[in-house]
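Both complexes shown next keep chain A, but they swap its partner, so chain B is in the first and chain C is in the second.
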Partner chain A sequence: MRRAIGPTALAVGLLLPVLPLLAWAVSGQWRYPALVPERLTGRGLGLIADRDVLEALATSLVIATAVAVLAAALGLGAGRAVGMYSFPGRGVVQFLLLAPALVPTIAVALGIQVFLIRYGLADSVAGVVLVQLIPTVPYVSLVMGAAFANLDPDVEDQARMLGAGPVRRAVLVALPAVRPALVVSAFLAFLISWSEYILTLLVGGGTVRTLPLLLFAAIGSADYTAAAALALVIAVPPLVLIGVTSRFLTGATPATVGFGRL
Partner chain B sequence: MRVPRGVRIGLLLAPALTVVVVLFGGGLAQALAQSLGYQPFLAPRPLGLDAYRQLWTDPAVRASIGVTLRIAVVSTAVAAALGVAAALTVRSLGRPRRVFGALLQVTLPVPHLVAALAMLLLLAQSGTLSRGSNALGLTGDPAAFPTLTQDAFGWGIIISYVWKEAPFVGVVVLAALSTGVAELEDAARALGAGPWQRFRHVVLPVITPAAGASSLLVLAFTVGSYEVPFLLGRPFPATLPVVAYQQFRDPDLTARPLAAAISVLIAVLVGLCALAYLALTERRHPTRLVRR
Partner chain C sequence: MSAATGRADLVVEGVRVGYRPGCPVVDDIDLTVGAGTLTALLGPSGCGKTTLLKAVAGLITLQSGEVRVGGSSVIELPAERRPVGLVFQKPLLFPHLSVGDNVAFGLRMRGLPRRARRERVTRMLELVELPGLTGRRVGELSGGQEQRVALARALVLDPRVLLLDEPFSQLDADLRARMRELLGRVQRDLGITTLFVTHDQQEAVDVADHVALMLDGRIEAHGPPVEFYSRPATLRVARFLGGTNEIPGTVSGREFTCDLGTLEVPSGLADGPGVLVVRPEALCPGAAPTNLSGAGNVVPATVTAVRFRGTHQTAELRLGGALPATMTLSPAFRIAEGEEISVRLPVPACHVVPFEHTPQSIPSPPTVEGERSRA
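Presenting the complex of A and B:
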């Protein structure tokens, strides 16, 4: 009996906070002190077909996909350099890659706003994507650094002996070996972008409307049915993605750094 | 023809470091300049440390620094303790271990703003917990229920952070414990070590660095997050990121240096966490560099 206390507390603690959210998403009327919704409604979940929500969904998807692809492309090389080579200043490079992955983007976004206004990128999707590269590119580099460190360099040397050029070695030998890590880091870059609110608000100036902005607007107007439904729309894709990638996430890899900021 | 080694490393690093130096460094440098009084769209004014002086002298800002550090430290400590406890609990389970291990990962990908809304609906004075306490006859009306959101201490913020970050610490610790620790414990038992000795000399040395490193990441996040304290905290005294944003949106441009100084302060605090994290993890897993 005593042995059941720990697991029970764990399950209740993890799952209890989700229940009100699920109930609010379908409640039409739920006044204090009713324990369950007094009236159910499909209005909240019906919002998914709403024009504003669909547009925000599309904007969120475009930005997060662009961020994931660009971050993977730009961060891959540095991962290889840090993971496989010893060079002077390597410690500094590691710090330079870790700091932006941790430092909250609001701290730099206030400064960067000046440049974005100067180059006409403020209040635009391109500007939002650009700023979201700040945490995600170094993040991909960190994860790939760990992946390349575990790569056996002899395999690439064998490929060279057998006559494979640099391009064939990269595409046929190195890339397949680190592909799981690359997929995971791109997924997490997608999620970091997907759940970003304050950066999008700051740089997008309210004209770039993503799902988190709609959620904040719903909370601000105390429409908890809409807010809870939008929260579910935001939370489901990450849960699905994590279900797909969980076998690559062992917790020992720096991939988990990404969860800190979701 | 082989590209010289130094050039090759430089080319590999170039894209990521360009992003870091130009965007991150540029943003930080601009924040630093503005904190000293530089205003990009105004006539030049004398530079100075006024904004930093204000950080220490303005009681409102000092209150914000206090509330930020309190929330960050309490959240991190509770998340670390509960995370380690959760990892040890899951590890001690027999067959259901897989299910609970997966359960521990459920909150990880849930965005913090969704967690904050869930906590608002659960903990507010007219929230689900309050209704439960009413149904049990403990409280008669919403005002009789303790204020857990928009409260002076920041409990709502702390609970929301802990719900997200304790499982994060738990997953990292559990992963560290799954790397051959059971075999070491068996060996220690065979050599006559009691339960406490096995925990003290085998399990604890594995837990400590993993919990320490993940706690530093939690601390860094809780110092700089905006969404959760905005939704669950009081407008005054608000946490540093919330104040920075308020000051930044202030139509009075003289508020800008303070907003920038707060940004720099947040960046420095988190930068220290990053340094500590690197020191801890590099000592634990010195990267094996194969291409010297």
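Presenting the complex of A and C:
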């Protein structure tokens, strides 16, 4: 029974704020001081099946997944380097890895936009993925660095004594040991990318339309029914992801232990 | 130096290892382990034992020297291809694998089919007295079980030489004694050549056919355990083993002339200045003597302190009124501080080692109590 408390608390805490959104999404008219929507409409929910929305959903999924995978791959390498090895200037490298998360991303992105335009990456999905790596890689590196710092370097030597070469040591021993941290940090990267608005608008130039862009447009035109419906579409995938990874998010997994060491 | 009986299975020659050039941690080590025997590499913390072990395993590169296993050099082989098994101080089990998969890991690396793996894993777990634990999760094991799984994981590969790096030091005393027995039995059953690193004299004496004492990156002495206690090669060895009484003097035939008079010593000792060493438990107390001649190896002594140690008591003495010494007695023996007694030094227990101009600061081995608090 005790084991279920964590996931339950997580589920309740995350699902409660979604309820008002549901109400907004089906209300045609809802003005003060009415306690419930005065008129119901199917327009909001119908919007979910709208072609533009589905396309934006697909674009968002592609970008967020690509960002999560790339950030995880880069952060895995960076985290291993700073977490397991001591070398001159390690502190500086650690700071530089974290720096993009400290500087407002928009400032960096404005500078980088020049190069993205030069290399033809502006207004493209690839460009958006690249620029979204700036705010995501630091977090993944941070989490993975802590995870690798917790890993006993002798474990790989032990695997070596059992006949495992460098590749199999990495894949069969080190990777499984840091897998929970990797899952959690990739999830983190996915979430950052999923709700990113400014960078997508700037680099995508309106051509790359993700869900947050549609949501902001709806809010801008004061269409609360559409905004609520879009917000629901945005809220669902992360919830599914949390369901899948809750095993790693609660309890004393190496990932949380890793956070403890930061 | 070579204490190997029969064929030598592990030969270490002139091995020098260091992390910085000109500053070797392990300096010019020669060590031979006979086929099927167990040698304990004994030494205080930080003397380089683990470094030597890792060098033999191939985890550290040698600066110079040669390591031969079963007659052929393994220097060129990377660690993963040496016919050597290593059990670390920590169990280092892979937490994402079951007990059986942990033991099978090395066989899997060798590409053995699943069926053959399972059979050998089952047999090996039986050998370390953990039958039927194949499907168990690693996290459910106790400390002793973990270390036995680690042992099985190394042994299942049938290595030519087994290296053990203080594998039981993190277990409590009682369990450690049982693990030693198990190791001794497994080692004899398999007849595997074993090098066992420890800082615990008792452990070394308990399990080993031969003991190699390592001090400051060098092998100080190498031989059967009995020799270490009765006939230590040097003063450093005698001091490391602890609780020795030292009487400086000069050997001439079977006579040893010192401040206490002339004492009788065993034959076969080199003439000239030396230090007579005799262990506290070898001294025999007697009634107050009338002369100071040393006849019958009896000398007068003053008791300066008595300490009760549970299973025994120790008396601090001044031999001939000056020379400090320690005597171990049964707890029932009646002795009081300030008492004038006589002490006999039995001839077979007296041994003379060469003079040494080394400071007294030889690292002494940790006591059993100290060790517990360390763990």
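By definition in this document, the second predicted complex is superposed on the first by the 222 of 262 C-alpha atoms of A that agree within 3 Å, B and C clash if a C-alpha of one lies under 4 Å from a C-alpha of the other, contacts with A are read in each partner's own complex, and residues count from 1 in each chain.
In the analysis below, a contact is a pair of C-beta atoms (placed from the backbone, for glycine too) under 8 Å apart; a residue touches a chain by one contact, two chains touch by 3 or more.
Remember, predicted model here, so these are calculated numbers, not experimental data.
Asks: Could you look at A:133 and tell me whether it touches chain B, chain C, both or neither (first, second, both, neither)?
Replies: first
Asks: Considering only the touch criterion stated at the top, classify A:176 as touching first (chain B), second (chain C), both, or neither.
Replies: second
Asks: Under the stated touch criterion, which partner chain does A:160 make contact with: chain B (first), chain C (second), both, or neither?
Replies: In the superposition, A:160 touches chain C alone.
Asks: First (chain B), second (chain C), both or neither: which does A:212 touch?
Replies: A:212 sits against chain B, while chain C stays out of touch.
Asks: Would you sort A:168 into first (chain B), second (chain C), both or neither based on which partner it touches?
Replies: After superposing on A, A:168 lies in contact with chain C but is clear of chain B.
Asks: For A:69 in the superposed arrangement: first (chain B), second (chain C), both or neither?
Replies: neither
Asks: On the superposed three-chain arrangement, identify whether chain B or chain C touches more chain A residues.
Replies: Per-residue touch count on chain A favours B.
Asks: Touching A:86 in the superposition: chain B (first), chain C (second), both, neither?
Replies: First partner only, chain B.
Asks: Once the shared chain is lined up, is A:100 touching chain B (first), chain C (second), both, or neither of them?
Replies: In the superposed model, A:100 contacts chain B only, not chain C.
Asks: Which chain A residues lie in the overlap of the chain B contact set and the chain C contact set?
Replies: none
Asks: Give the list of chain A residues in touch with chain B in this complex.
Replies: 6-7, 10-11, 13-21, 23-24, 32-35, 73-75, 77-87, 91, 93-100, 102-104, 106-112, 114-115, 130-131, 133-134, 137-138, 140-141, 145, 149, 153, 191, 194-195, 197-198, 202, 212, 215-216, 219, 224, 227-228, 231, 234-235, 238-239, 241-242, 246, 249-252, 256-257, 259-262
Asks: Would you pull the chain B residues touching chain A in the complex into a rising list?
Replies: Residues 5-6, 9, 11-21, 23-24, 26-34, 40, 85-86, 89-90, 92-93, 96, 100, 102-115, 117-122, 126-128, 130-132, 134-135, 142, 163-165, 167-168, 171-172, 174-176, 179, 214, 217-218, 220-221, 223-227, 231, 241, 244-245, 248, 259-260, 263-264, 266-267, 270-271, 273-275, 277-278, 282, 287-292.
Asks: Could you list, by residue number, the parts of chain C that touch chain A in their complex?
Replies: Interface residues on the chain C side: 57, 59, 79-81, 84-86, 88, 90, 92, 94-96, 105-106, 109-110, 153-154, 157.
Asks: Mind listing the chain A positions that touch chain C in their complex?
Replies: 152, 154-155, 157-165, 168, 172-173, 176-177, 179
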